[in-house]
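Please go over the structures that come below.
You will see subunit A twice below: alongside subunit B first, and alongside subunit C after that.
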Partner chain A sequence: MYYLGIDVGSVSTDIVVIDENFNVVESVYLRTKGRPIKAVQEGFKIIKDKVKSADIAGVGTTGSGRHIAAFLVGADVVKNEITSHAVAALSLDKDVRTIIEIGGQDSKIITLENGMITDFAMNTVCAAGTGSFLDRQAERLEIPIEEFGDYALKSKNPVRIAGRCAVFAESDMIHKQQLGFAVEDIIRGLCEALVRNYLNNVAKGKDIKSKIFFQGGVAANKGMKRAFEEALGCEVFVPKHYNMMGAIGAAILSAEKRSKWTNFKGFEIADVNYETASFECNGCSNLCEVAVIKCEDKVIGYFGDRCGRHSGKVAV
Partner chain B sequence: MKVGIPKGLLYYKYKPFFTTFFEELGAEIIESPDTNKEILDLGVKLCTDEACLPIKVFHGHVEKIKDKCDLILVPRIMQVEKREFICPKFCGIPEMIENNIKDLPLITKAPIYSYSADKFINWAYETGKLFTKSYVKIQKAFEDALKEQNNFKEGIDHEGFQYKIALIGHTYNIYDKFINMNLIKKLNGFGIGVITHEVVDDSIKHMEIKKLFKRPFWTFAREYYGFASYAVKNKLIDGIIYLSSFACGIDSVIVELLKLEFEDVPFLLLKIDEHTGEAGFDTRVEAFVDMLTRRKRGNLA
Partner chain C sequence: MKVTFPHMGNVYIGAKFLMDGLGIDYVIPPFNSKRALEIGSLYSPEEICLPFKIMMGNYIESIERGADTIILTGSCGPCRFGEYAELQMKILKKLGKNLDFIVLDLPSDIGFDELKRRINKISSQSPKSKKEKYMALVNAYRIIGLIDALEAKAHERAGYEVNKGECKCLLNECKRKLLDTNNPKEAISILKEYHKKMDEVEISREKNPIRVAIIGEIYTIIEPFSNLYIEDKLMEMGVSTKRTLSPSWWVYNTVLLSPFGLTAKRIRDAAKEYLPLGVGGHGQECVGEAILSYEEGFDGAIQIFPLGCMPEIVSKSILPSIARDKNFPILSLVVDEMTGEAGYQTRLEAFIDLLERRRGYVLSGN
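And now, the complex of A and B:
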């Protein structure tokens, strides 16, 4: 028996298959590229040759695209990212007390005690210091994002970069660049600025106790890990599947639900042709933007209306 | 005369007073519709960028009804309580509206000091004289309006839910379903009841703030802190959700005060701005509800 977990995030879509002991059997990490449906389908195409649909006993979805994904694949559990990340971390280590999670658009801190979430916080409306900002800077400097962390580790003299806001950080970086500072010093400075921003902003007033887990896509960045360790004065653990923790948590939650049957529609949906469109509903003054998902010219689902006038019409 | 009442800012709190006052003076009341996307867009377009969302939304409401009325209520609320103040933006809102919106009808500009009837009536005279020359008539409208306001039962106190949270925030965020993305309904859907600050009597709030090292400068701070303190002490709630508009200066102080004082109470700060995508908002609410319910049940899954 296997369980499927899908995390549709702003930047990446992660799909994992775990066994009954919560070991990762298969995993796929894809860029969402603003097309969550396509990303899930791509992922399924890769997995379907390795795992049989019939072996899947439960499906959980998470991430900001969890509702659309749940609808698409037929999920048994739809869970927010905070709970999913905490569940995944606790399945690896019961002693974890703090989870630092930095994804594409969100950064979070979760504090735990006796296996329970005691507090959490997320970045507010500002996405400074998250993965998409690092992505952008990597692109601007023409450094592959995978190597970003290695550059930071090479630096001996980090340059101070303003970390309060992504726009400030970027202009500060450019000014320092124009003065001739080395790229690696700037990158390390940027990592330190982002950590500073995280600790002062997201983690403000939170009790950061070890053991600390660092997860989410940004945890791949060794420069960020080191900057956290330096700032906190203790070791920060990056779990093996750091970028899949949300998906793993969702899969575990579906396993823990122990339902007799699953809603899973099968990996075959990878080959179905879905189309999306949108319109502005004129039903009331809210003028909701409604997204429509079509399959071979037949509408199969609506998203985004506040009142349920459309989304309630189609059985999800 | 047609009087426009924009459904923004402290409308939700003082609607009975203003409606009664103008009606007694023979005005026809034109209320703007509930906040919607069009109003939000208008407000964002017209207002200066630095203002908070509620101020922008208020601009949208004024723009929406300005062509239909002869006078628009733009209440310059200075003080509602002695030795306390409310947000400085309220003191300058008529000027903001005047400078940001073209082709306005008349707007009310007289300041409101509502902590005593003697002071407050100056606003009534100043505004009422546009309708009548009779001071007696204005006085009667004013007194009736005050009575109506005092009889107004404010606040939310849900019963019959397994969990209950204190929903704290400015009334224009809490009661505007569009701005807050239907938060109260969402919470109810999760089995969470809501209690708001108006439910607790003012005299209790005054008692509760006595333990602070100084009395709060802001009326809002006294109300919210006093309420939270009372609710926590009497175990009325399982947690606190603070609904705050991005860049609100007063909130930034109150939030820290509450967090420090009630460290052991689950606390969620929700910031709202122009966003209409609900995913990020829902995630926070859901995770908070998970945390509350699991804490009480004592297991994670």
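And now, the complex of A and C:
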């Protein structure tokens, strides 16, 4: 028996298959590129040769695209990212007290006690310090994002970069580059700025106790891990599947549900042609933006209407 | 004279029947929408708080429908609401709109004579007798009280209802019916009828739902558009909610009790240990309500405020101490012009999850 977890995030779509002991059997990490349906289908194409649809006993979805993904694949559990990340971390280590999670568009802190979430926070209205910003800077410096962290580790004298706002951080970096500072020193300075921003903004007022887990795509960045360790004065653990913890958590939740049957539609949906469109509903003054999913010219679902006048008609 | 007023939750219902009773022509601005926000943001200072922008949108949409007089309550406290009317007057004047702004401030701020002069500007337009005017005021006060109470009842009972969505449907149905009449007496009987219907909604007390208090800045907790319809979302999730601040609460506390210095006394007393002084807006009330909701056995509280709200920033920094001391989870949500709901929904679901798991539920399912 296997369980499937799907995390459709802003930047990446992660799909994992776990066994009954919550070991990862298969995993796929793809870029969402703003097309969640395509991303899930791509992932299924890779997995379907390795795992049989009939072996899947439960499906969980999470991430900002969890509802659309749930609808597409037939999920048994639809869970928010915070609970999913916490569940996955707890399955590895019951003693984890703090989870730092930095993803593509948002960053979170989750504090736990006795295996239970006690508090959490997410960045408010600003995405400074998240993965997309690092991605963009790597691109601008023409350094592959995978090597970004190694550069930071090479630095001996970090340069101070203003981390409060992504736009200002970028102009600060450009100014320092123009002055001739080494790239690795600037990158390390950037990592430190992001950590400062995270601790003063997202984690403000929260008790950070060890053991600390660092997960989400940004945890791949060794420079960020070291900057966190220096700022917090203790070790920060990056789990092996740091970038798939959300998907793993969703899969575990579907396993914990222990339903006798699953809604899973099978990996075969990878070959079905889905189309999306949107319109503004004029039914009332709310003027909701409604998204429509079509399968071979037949409407199969609506999203985004507040009153349910469209989505209510199709069971999700 | 054709008057209008900004939206804030059920305010339009009370204002509508007041004007109906007085026999004064009025325009209810179209319900808050992306359009109101877009127009409002276009003409507002970029850094001002969200309510200002939505209100500007309301005014302009009403002016398009023929309104020439805006009625607004004022404030001379330390919160930025105090400068709303002045700034809005200036902006509308620059836009070439020829209007009259009637700002109703407390007599302690502007004096009795000035308040009387301002009220007279409205009441002199009414063809009704003195007694009828008085009755219009009394009826409007009863109507706003009844609709706020009905809403509170729906929010509380939604957690216990047997047929999901019944409370919400009844509430919306009642609001629709109220717009079809211009007679305050009839409105009162509609409201009483719906109170009865709401009392008869089939509920199961064994359900023991999660109970959450909604606290924070008054506009953003009362006006559903500004908080992305948080109370509707919680009703759908089967959560029972309570919000103390409402238009009728405001009228009772600010207009009727303030001459005696008794405004929100119970709430302010509760806040004393953590925040002994008023910090403007309803910052002290927010702290007091957090403590009261803990004492009343709620599972948690959600604080909502617009980006840049000074009084609520003060209370936000105090709430973690209360959460720690009382072991009482509090979620702070900041609202601004963003209308994307995904991140907001995530925080809300995660918070309800946290509260459920605290209670020892293993898994709530979806």
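As a convention for this text, the second predicted complex is superposed on the first by the 316 of 316 C-alpha atoms of A that agree within 3 Å, B and C clash if a C-alpha of one lies under 4 Å from a C-alpha of the other, contacts with A are read in each partner's own complex, and residues count from 1 in each chain.
Everything that follows uses one rule, which is that contacts are C-beta pairs under 8 Å (C-beta built on N, C-alpha and C of every residue); 3 or more make two chains touch, one makes a residue touch a chain.
Owing to the predicted nature of the structure, the values given are computational and were not obtained by experimental measurement.
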Using the superposition on subunit A, tell me whether subunit B and subunit C clash or fit.
clash
Just to be sure I read the superposition right, which of the two partners does A:Leu90 touch: subunit B = first, subunit C = second, or both, or neither?
first
First (subunit B), second (subunit C), both or neither touched by A:Asn157
neither
With the two structures laid over each other on chain A, which partner does A:Ser278 touch: subunit B (first), subunit C (second), both, or neither?
neither
Between subunit B and subunit C, whom does A:Asn80 touch in the aligned arrangement: first, second, both, or neither?
both
Now for A:Asp119: first (subunit B), second (subunit C), both, or neither, which partner does it touch?
both
Kindly classify A:Asn286 by the partners it touches after superposition: subunit B alone (first), subunit C alone (second), both, or neither?
both
Contacts for A:Asn200 in the overlay, against subunit B (first) and subunit C (second): which applies, first, second, both or neither?
neither
Is A:Arg306 touching anything from subunit B or subunit C once the two structures are fitted on A? First, second, both or neither.
both
Which parts of subunit A are in contact with subunit B and also with subunit C?
64-65, 79-83, 106, 116-120, 122, 124-125, 205, 253, 256, 284-287, 306
In the complex with subunit B, residue positions of subunit A that touch it:
64-65, 67, 79-83, 86-87, 90, 105-106, 115-122, 124-125, 205, 252-253, 256, 284-289, 306
Sites on subunit C touched by subunit A in the complex
30-35, 229, 232, 307, 317, 320, 323, 329, 334, 336, 338, 342-343, 345-347, 349-351, 353-354, 357-358, 362-363, 365-366
Inside the complex, what are the residues of subunit B that reach subunit A?
33-34, 36-38, 178, 181-182, 246, 256, 259-260, 266-267, 269, 271, 273, 275-276, 279-280, 282-284, 286-288, 290-291, 294-295, 298-301
Contact set on subunit A toward subunit C in their complex
64-65, 77-83, 106, 116-120, 122, 124-125, 205-206, 253, 256-257, 284-287, 306
